[in-house]
Each structure stands twice: as C-alpha cells, then as structure tokens.
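The two complexes that follow have chain A in common; it is paired with chain B in the first and with chain C in the second.
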Partner chain A sequence: MRRSYWWYLLPIGIGFTAVVAVPFAANVVLSFFRWKGGIAPLHWNGFGNYSDLLHDANFWLSFRNSVFMIVAIVVIPTGAGILLAATLVDYLGKRFGARAASFLRATYYLPQILPIAVAGFIWSWILDPGSGSVNTFLRSVGVSDPPDWLGSPSLALYSVMLMLVWLQLGYPLVIFMAALSRVDPELYEAAAIDGAGWWRQFGAITLPTVRPEIFIVVLTATVAALKVFAPILILTGGGPEGSTLVPSYYAYRNFFELSQVGYGSTIATVMAVVIFGVAAVLLGWQRRVERRA
Partner chain B sequence: MRSVSRRACIIAAALALTATGLAGCGGGTSGESGKTFKILQYENASTAQGQGWQKALEIFKAKHPDVKVEFQQTSFDAFRQNAKITLSGNDVPDVVEFNKGNADGGQLAAQGLLEPLTDQVTKNGWDKKVTGSMAAFAKYDENGHAGTGDWYGIPNIGEYVMFYYNKAKFQQAGIAKLPTTLAEFETAMDKLKAAGQIPISSSANTSQGFNQMWIWYSLVSALSTRQQIDDFMFVKAPVDFHSDPWKEGAERFQQWIDKGYVGDKLGGLSFEQATVNFLSGKTAMLIWNNGEFARIRKDAKFDWGYFTLPGAQLSMGSSGHLWGVPAKAKNKDLAYDWINTTLSPEVQNLIGQQGGLPLAGDTATISDPVTRQFTERFDQLVKADTLSFYPDYPVPGFLDFIQTHMQAMSNRNETAAQYLDALQKFYDDGTKR
Partner chain C sequence: MTVSLAAERTTAVVEHRPRRRSPFTWIVLALAGLLALLMSSPFLLMVLNAFKTGADYSSHGPIALPRSFSLDAFSNYLSLVDFPVALWNSVLISTVVAFGGVALSLLSAYPIGVGRVRGSGLILAGLLLSTMLPHEALIYPLFYGAQATHTFNTVWSVIIVFVVLQGAFGTYLLASVMGTVPKEILEAAAIDGAGRWQILWRIVLPILRPTLSVLVVFFFIWTWNEFYIPVVLLADQSSQTVPIALSTLRGQHSIDITVLNAGSLLSLLPTLVFFLIFQRTLNRGVTAGAVK
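Here is the complex of A and B:
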C-alpha cells in the first residue's frame, strides 16, 4: 500500500526537476566554462573559476557581509520576536485585550507584505542625508552634521541591517504568537502563584513552548539571509565602495553587468552548497535537540 | 494493485491532457506570428521620444492594417539586464530598443543576438540621416567594439549634458554674466560658495547616482582632443590615464570635491534626489542631460537657464538609444519599415517640437523659441563633432567600476592618483578580454 503514495509525489517531482534540479545542474555545468552569455561560444575552464573565486577579495568580502545579514535577519529578529510575542500575549493582550494585541501584531507584520521595492524606496528616502526624516530629526535636536547613512562605507552595512530587522521582525513575531496561543493560561497563573516573575515564566514556559517554531524560523531566515538580494539592489547596489556587497548580488553583477556568466554560476553554485550545508546542520541540530527532549 | 493503476491512469490522463493543451497553445501562437509585430521599448510615453513613437505607431498601423502591433513597455534597467535572455529565446520581439556602448549593444552584437543592418542602412538611406558621432555607437565589430564594423542599431535622437542653473542664485552671488572659460566657471562657483550656496547638485550612489561621474568626465572632455577621446572610447590606441587629460581631469575633480563645489554626503544620493535638490532651490546648478529639460521647464518655480561646460573642447553627449532587430525576429521586413517610420520627417519633427533633439528633424520647424535654441545648441555640438559620449561605454562593467570609485572619491577615501591607477588596470584588462 505504501508504494501507492509515491504517485502523489509525481507532480511535485516533475515541478522540482524542471524548476530546481535541471537549472541547478545547468548552473553547475556552466561554472566550469568561461561564457559571455547569449549565443556566444563556451570555453572550457575546468576548475579555473573556482580557483579565481578563492582569490577574489570581493567574494570574501561579500561572504563576510553574509554574516552581518544573518545577524540582521536571524539573530536580532528572532530574539526580539520572542520577547515581543511574549510581551504582546502575556502583558498587553491581558491588559488591553486580544484585539489590541492582534492590532499590534499586524503593524509589526506590515513590512512583510509590502513589496520589497516599495520598502527599499521608503528607506532610501528616510535615510537621505539631506532631507531624510532621520537626519531632519537629528538636526532638530541639535546634531549639526548628521551622518550619511547609505553613502558612508563605514555605516551603510548597518543601515541596511536596520532596514532588514524592520522588514523581518513581523515574521517570527506572528509565528511565535501563534505558538504561544497553545499555552494554557492557567500555566502562567500557576507559575505566578508559585512566585515566578515574568522572566522566570518566560524561561520556564514561553521559551520551551516556542522551541519548534524557533527552529523553523532560524532555518528559513538563515537561508533567506544567505541569499538576500532585493534590499541590496534597491538600497545601495552593493555600495558604497562595495561595503554592502553580498554573494547573490555579486553573482548577479557577474551575470548581467560583467557578462561573466561562468563566474557568476560559480558564485551561485558555491552559495547553493553553503546553503545546503547550513540547512543540513540546522536540521541535524533540531533533530538532536528534539530527541533529547 | 488495481487501485494503484487506476490512480496512475488518472494522473497519466491528466498529464496527457495538460501536455495536449500546452501543445495546442504553442501551435496557435506560432500560426499567428506572421501577423503579430512586437515592438519592445522602454521610453516613457510622456517624453518627446515616446510621443514621437506614438505618432510612428499611428503611421505604421495605417500602412499595415492587417498586422496586429504589440507595443510593449519595459524599463531601461530591466531590458539592459535581461537583454541576453530575451533575445536568445525562441519568441523574441521583432524590433527592440537597446542601450549603446561596448558594454551593452557591443555585447549583444558580438554574441550574434542582433541582426546586422548594414545592407538596410544603405538601402533605406539611414546613413544620410544618422551621421558622424551620432552613428559611432550604431556600429560594432566582431569583438563588440564600437565605431567600426556592421551597423546593429539606429538611433532617433541625440543627447548632451549641460548645467541647468538658477538665475536668482547667480544674481545673489554677484555673477553678472555667464562664465565663458573653465577658470571663470570656477570663480563663479567660488562666489556661489561665498554666498552660502551649494554650486552643483550632484550624487554618487552606486545605484543611479550618476552626477559625479558626469562631472568628472565633463572635466576630462573639456581638456581632451577628439583623438584622445576616440582612442579611449573606440579602443583605437593604448590610453595612458596618468597623463592629461585624464590626470588633470581627475585632479581638478578632486579639487572641486574638496572645495565643496558639489556639496557633500553624495555617496547615498541618486540622480533623482540631486534633481529634486535643484528643483527645490537647495543648489544653484544641476548637471544633467536633455532628459530633464521638459521636467525642469514644467516644475522649476524659479527663473532658470542652461549652458554647456564653459571653455570645454569637447562636451558629454551622444546619440540616444538604438533600435535593433533581433537575429531571431520573425518579421524583419516590418522591423525595417518601423525604423524607417521613426526616422520619417513627421515623427522626427514632432520629437523636435517636444524638445527631444531629433537626428533627422528640421530645427527651423520648432515653433517654441526656448526649445529651438536648445536644439540649435545640440546641432552646433554635432556639427562641430565635439560630443565625447559617456565614459562607461568602452568596457563591460565600467559603469559599476566608475561609480564605486566616484563614491570613494566623494567620500574622500580615494585620491585622484589612486583612482587613475585603478582606472588604468580596469580599462586595460577589460579591453584585452
């Protein structure tokens, strides 16, 4: 009987082969060639592109920036998301009613439903060094020379991170609030009667409850962080002076700007392998923790 | 087992139906392709060129009543980035608008994605209308280098870069008459600075922050001969970026940054923000091309004028974007007729009336004196053969490269000498590739 279920996988199998497996295989094959694209001839290059990549300072810079993207998309929003979800459910929800908590949850989630291009343009205006609202505010409180948020190489990466935190926060928040609705409110009441404070309740009840969701959020957000693209394209174009370059944007630049399709494929292949690796490690970790629990 | 095979049959039947449906769709489309003419372009319909093309569309449809014309809109960036994919597919447009330069048109031509047009150019007399520097980026050799080889594109309009200025701010700073030399221009900017003005509205964002690059290249052009620019642009002879005009151009550009002629915090600004800063009266001048002429005319709430960089030997400018015919286009004859239509006097003179700098129009027919004067200046530059094109044309990836260094110089993280070192390497590597 079990064999019969395989038929249900057929449509997704065909879709996966056509949309993921074949293009990925083609990408891997192209990474061994030098190719300008279009109907230009392919030149066999063996592992030449991979060896060039190892010595490419821009690639390693983009890789380093991926770590910052993980901080902005995974670490900060997940941590803040748990705290905010707990505050909204335990405190504001009880004090002002479930509708107030739902309203606040929706406002945090709003950036997630905005088209990324719109969000990017809004932030580029907010962070405009001349007439942007941030610098206008800073000038109004007496800062005579406010910073150039997206134009200074030492600041732009942090400005992009700020936008990404804003963009991402709603996602873990909504998931964690849904998870917390599983908890019997009497559990918190019993803990309070036993003398447990908010932080004690948070550590003993809230965190263990949302643990499966934390794994899901960390896994999906880490993958998103490693392939972040659109915010960089819209906000900084990898600049200023390459300070916000990330691997997916660097691959794109090689594909389309520099007509180095083979090299772009090499970057994409390496990043796909890194993402598979990171996802496998996270899934393995989740399984180990679940087994222990 | 019986249930398994029944399910299998249902799935197989569903897939077969889907496949038949898809095949049916494909067959239908290919049957109509002879009658559907697809134009893919990225000009906004409200621009002079866009309005001219609407007129061309009317004429073309009247000439070919049996042809269904699809006038498709895309964006400059979208087509630039997807051109190779769009043109190497099986269902390509019949005529496309593309960007000029070795990095764009040259790549498409060298990759065999565009149809050589040389025979059609002679047959239709396009070379009588598109001449000199306006034709330079219509031709590409087998390596994708502009200037020689077959024709691959036909432009309709021209472009030139100028300084739009706010007359009230010039008066307040005590500038009685417009500068006529580079030195006078710098003195005028000193006066503007002394009067508390930012002389030039600029930008240097990696994404769309082109003004700084145009200032730098305008300075280089101002100090160049035709030969020096042609060597650089058409990769005719080795270029030594450590000698003039490159050296003096870059050093002078750095001085302009240091003296505050272009304002500061430019690394995060785009050309749109630079334009808004000029229109809102925050700066005295804006460097841009004719692309913003109509907008400034409409939106500036102050008395304004324009001039090309004073005392310049050459000025930035070139032909506009090009019409090309994809190698895989199904209706090539219709495509040639479309190009002919866009170069017709009716279309060209309409573009001229709207301030669009037509290549085959009659400037004398322009009724509005401001627009006529503006077009006459362009005609003078073309006639004198003093347009120096745009600096990112010679090498693929140059735009990105120059922009990054413009940011570094604007942020005072790189000197003119360091920029010239990097420029030498990128250009030499890129032109050898």
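Here is the complex of A and C:
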C-alpha cells in the first residue's frame, strides 16, 4: 500500500500548480508576445523581446546595480556578521555576561522584523535633503551644503546600499551566533593557553565552525539581493536617472506603469534564469567544499 | 537609551568567573553600544517625531526633542487610514497563512520525510526552486487569475498565494526534520495497528511540535511584512494590509511627517510585540532554518 502516501501530496500539488507552476509557465509564454495587458490583443513576437532586452541599456544598468545590491546584502553583512557574532559570543559575552550579548543581538536584529514599507518610509525621510535628520544634523555641526542623498545620481545607489546593510545585518548575525553556541568554550580556553590570540582563535575555531551557516547565508542573501524590490520602489523609484534601477523594479514598471506586459515577463523570466543559475553555482560549490572537508 | 540599558544589564549579570576587563574591553563594549545606537536610531527618531505636533516639527526640525507631548499625529493618521480594517486584514491574512501554511507543510512533508515516496528528491528540488523564484515571474498571471476568480481585492487571493508559497518552504524544511524521527517509534505504532493518518497526528505531530511552532511564528511575521504581492493584489482600501495602507499615504505631500511617523509606529507595533513575545522561539527558528 505504498501508494496511499500520495494522497498527502494532493493539496500542495493543486496549490503549487495553481500558484507557481501555471503562473510561471504563463509568464514564460507571455515573454514571447507583445501585450498591453487586460483585453488588448496579443501579438506574437518570437524572441523579439529577448533581443530587445540584449540591446536595452536600462536592463544592463539594472543588472550592474544588482552587483551593488549583492555587495550591500551579501558581502558586507555576512563579513560584518561573522566578526560581530564572534565579538559578541566569545569576547563581550564572556566578559560582560550572556545577557549583554543577547541584548545587543536583539538590537541589531530589530530592522529585520520591520515591515519594509515602514523601513522605506523612515529612510526616505531621514535622508531627505531639506528636512531629513541626517542633513539637519550636518547643518547643525556646520556643513552648509549637505548632499542630496537620494536625489543625486552619483550618491543614491550608495544611500540605498547603506539602508540595505542596516536592514540585513541582523540576519547573518543571529544565525552565526546560534552556530557559535555549538562550540565548546573549553576549546577557546585551550587555544588561549596554547598562546593563540583572538584573531588566531577566530581563524582556527570560529570560521571553521560557522562554515555551513556561511553557505546558507550567502545563498539566501544572494537570491534576496537579485530580487530586491520594495526598498527601491519606496526610496527612489529607480531614479534619479536610473541610477538605482534594479531588474525587479524594471519588470514592475513594465507591467504596471508602461503596460508592456510581454516585456515585463521577459525581464522576469531572465531574472528567474539568472537566480537559478547563481543558486546552482553556489550549491555546486558547497558540495565540492563539503566533499573536500 | 540603548547604551545606558546595555550598561545596566552588564553590571547586573555577574559571570561565574569574570574575566579581566582591560580598558580595551571597555572600548570594544563602547563600540558595540555605539553600533546598537546607530542601528536603533531610525526607530528612536520615529518615536521622537510621532509624538510631536506638526507645527513643532516644522519649526524645530526632526532631531529636536518634542516641546510638548501630543497624540495629534496618531489621531490624524487614524482619520486618514481605516486602521482597524487594515489591522483586521493583516491579522486575518497572517494568521490563516501561518496555520494554513504549517498544516500544508506538515501534510506534504509526511510522504517525503517519513514515507520516502519515489521522486522525493525531485519534489524537494521543485519546492526549493519555487522559494527562489522572483515574485515578478508570477505576478502578472496571479493578478489575472485573481481577477478571473473574483478574489482580486479580497484578502483571499493573498491568503491562497502565501499558504502555498510558505507551505513550499515549510515542506522543504520539515521533510528533512521528519527524516530524523526515529524509525523504531513509527514501526512500533504501525505494529500496534495505527494507520498512516493516525501516525501523522499522534506520533509525528507531537514530536515536531517545537519546529512547527517556530514555523507558525515565522510565517506570521513574513506574511505580515510582505509587500510586492499584496501591493498588486490588494488595490482597494477595504482589503489592504497595514504596511500597504501606510505606503499608499507616502506619496501624498500634503501629509505631515509626524502623521507618517505615527502611522509607521502603529504599523510596526504588532510585529514588534509579536517579536518580543516570541523572541526565544524566533532564535530557535533561525537555527532550525539554518541547520539542515
């Protein structure tokens, strides 16, 4: 009676088909059409949308900006997260008590539980050129002409990145701190007796311990970075001059503002392919590292 | 606030063997405290300005202390947004998705983790891929489908979508956890005459309860904070969630910043309370999610 197990898969089978499989397939099909959406007629366009995409400067710009998003969401928070986790667990935690460490952890984690709409509003207000807190503060300390953080094409991307680092930091930190709780404290003590300093302990004990978690964080955060949307919509709307345009916002604009549904679907399909590709590379890399270890 | 609180706590807790505290140690603590202050400063600024009057804000700016305590901004926000309706929508959506998603995960992880049906690996790979799929690649057909099924502008469109999406992730996670349930227990139950349905409810469910409660908390908060799909599917005020209601106000320049701060504070309060109550569960959950 092996077969009766299949009944349990029926609900997710139906749900998955209706919510993921069919919509995604429909999206891929739409990417071969020109369509204004709604009751407008569909026009077969073959690979036209894809070849347009290849020559679309905005699209390439949005992908270049994705690299910046990866720096802000993956590289900086993961690196800082390991250092912070190690500092909190095996330095401050030992000298000031575990409660101090967990209080600091909770504070760093706070942005993670915030609705993105709230985070976006607060930051666009804090960075406002005229009445924002940052510029009010800068003026009060004598900077006569503080920058327009979100309005200047050369600065906006970095301002968005700053907000994303703030938003993201708590996630790797919490995961790494949990991982470090696996380490037997005597291991550090033994290392200290052998004369290993903090950095030596960090390299020999802390880093190898959190390696599986580093992989999880890098994978999930990279996928998140390639999909980042709401902060861009709320903070800059892709501007100024497209300097903060990202693929998902570009797709959104094509869907709901420019009524170019087919082209939006093409962007979304390419995004999915890129994300799967990056994830496959990361998963393959992890498997190789694990086999070696 | 943060720094002083941190200092208070540190003096209150005495370790068994307090280490030597060199000046350098204090410098590290001060830096960690400063970072905590920086990380929480957007929250502090929001609280500071939510209790100001509009006039106070415009004449003294965002970083001055309020001259008087005022709840005007809150009452203004409540007059602009039907907050009780948005709150109810958010609570309804998040609760149904949290429990529905976990129930779905439990059902579908069972044949994979315990039953080990053929093709389990393929099913899991499909579910994993779907958790990575950008919502952009689903949104227009979902938008169309919601209109076709008359669930557009109702909470049900969002509930159905997120029960499945969270359920896909939950299945992926639970399947591996279920694989760790000792075989002996399952076999003993089967010998005693328990059917598959009974084994799921009487044996597997109780063993997995801690993990399931973590998932409920996670699904609740994630769904509460969702932005992209709700902003598209819930265009009407009567179906909007708390974050979406806030974001629709943002573009309107006639609105006082203090009102938006009050609205932001109201919008994050429910998840903050939820977070404080379930902090321990969450910590456990992050670990459960990380260790496969």
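The rule is short, and it goes like this: the second predicted complex is superposed on the first by the 278 of 293 C-alpha atoms of A that agree within 3 Å, B and C clash if a C-alpha of one lies under 4 Å from a C-alpha of the other, contacts with A are read in each partner's own complex, and residues count from 1 in each chain.
The definition used in the following text is that a contact is a pair of C-beta atoms (placed from the backbone, for glycine too) under 8 Å apart; a residue touches a chain by one contact, two chains touch by 3 or more.
The model shown is predicted, which means the values in this text are computed figures rather than measured ones.
Colleague: Tell me which partner A:Asn27 touches in the superposition: chain B (first), chain C (second), both or neither.
Modeller: second
Colleague: Quick one: is A:Gly130 in contact with chain B, with chain C, with both, or with neither? Answer first, second, both or neither.
Modeller: first
Colleague: Answer with first, second, both or neither: which of chain B and chain C does A:Phe256 touch in the superposed model?
Modeller: both
Colleague: Which partner reaches more residues of chain A, chain B or chain C?
Modeller: C
Colleague: Once the shared chain is lined up, is A:Ile73 touching chain B (first), chain C (second), both, or neither of them?
Modeller: The answer is neither, since A:Ile73 touches no partner chain.
Colleague: One more residue to check, A:Ala225. First (chain B), second (chain C), both or neither?
Modeller: Neither partner.
Colleague: Determine, under the contact definition given at the top, whether A:Trp149 touches first (chain B), second (chain C), both, or neither.
Modeller: A:Trp149 contacts chain B only, not chain C.
Colleague: A:Ser4 contacts which: chain B (first), chain C (second), both, neither?
Modeller: both
Colleague: If you stack the two complexes on chain A, which partner ends up touching A:Leu167: first (chain B), second (chain C), both, or neither?
Modeller: In the superposition, A:Leu167 contacts neither chain B nor chain C.
Colleague: Which partner does A:Gly97 contact after superposing on A: first (chain B), second (chain C), both, neither?
Modeller: A:Gly97 contacts chain C only, not chain B.
Colleague: Could you pull out which residues of chain A sit against chain B in one structure and against chain C in the other?
Modeller: 4, 11, 37, 124, 131, 234, 256
Colleague: Can you name the residues of chain B that touch chain A in the complex?
Modeller: It is residues 3-4, 7-8, 11, 80-82, 84, 87-88, 107-108, 110-113, 204-208, 264-270, 273, 277, 282, 396-397, 399-400, 403-404, 407-408, 410-411, 413 of chain B that touch chain A.
Colleague: Using the touch definition up top, name the residues of chain C that touch chain A in the complex.
Modeller: 2, 5-6, 9-10, 12-15, 18-19, 21, 25, 28-29, 32-33, 35-36, 39-40, 42-43, 45-46, 58, 61-63, 104, 107-108, 110-111, 115, 117, 123, 126-127, 129-130, 132-142, 144-145, 160-161, 163-165, 167-168, 171, 196, 200, 221, 224-225, 227-228, 232, 242-244, 246-247, 250, 257, 260-261, 264, 267-268, 271-272, 275, 279, 283, 286-287, 289-292
Colleague: For the complex, give me every residue of chain A touching chain B.
Modeller: Counting only chain A, the residues touching chain B are 3-4, 7, 10-11, 36-40, 124, 127-131, 148-153, 156, 233-242, 253, 256-259.
Colleague: Name, in rising order, each residue of chain A that touches chain C in their complex.
Modeller: Chain A residues touching chain C: 2, 4-6, 8-9, 11-12, 15-16, 18-20, 22-24, 26-27, 30, 37, 84, 87-88, 91-92, 94-100, 103-104, 106-108, 110-111, 113-126, 131-133, 136-137, 140, 166, 169, 171, 174-175, 178-179, 212-213, 216-217, 223, 226-227, 229-230, 234, 247-248, 251-252, 255-256, 261, 264-265, 267-269, 271-272, 275-276, 279.
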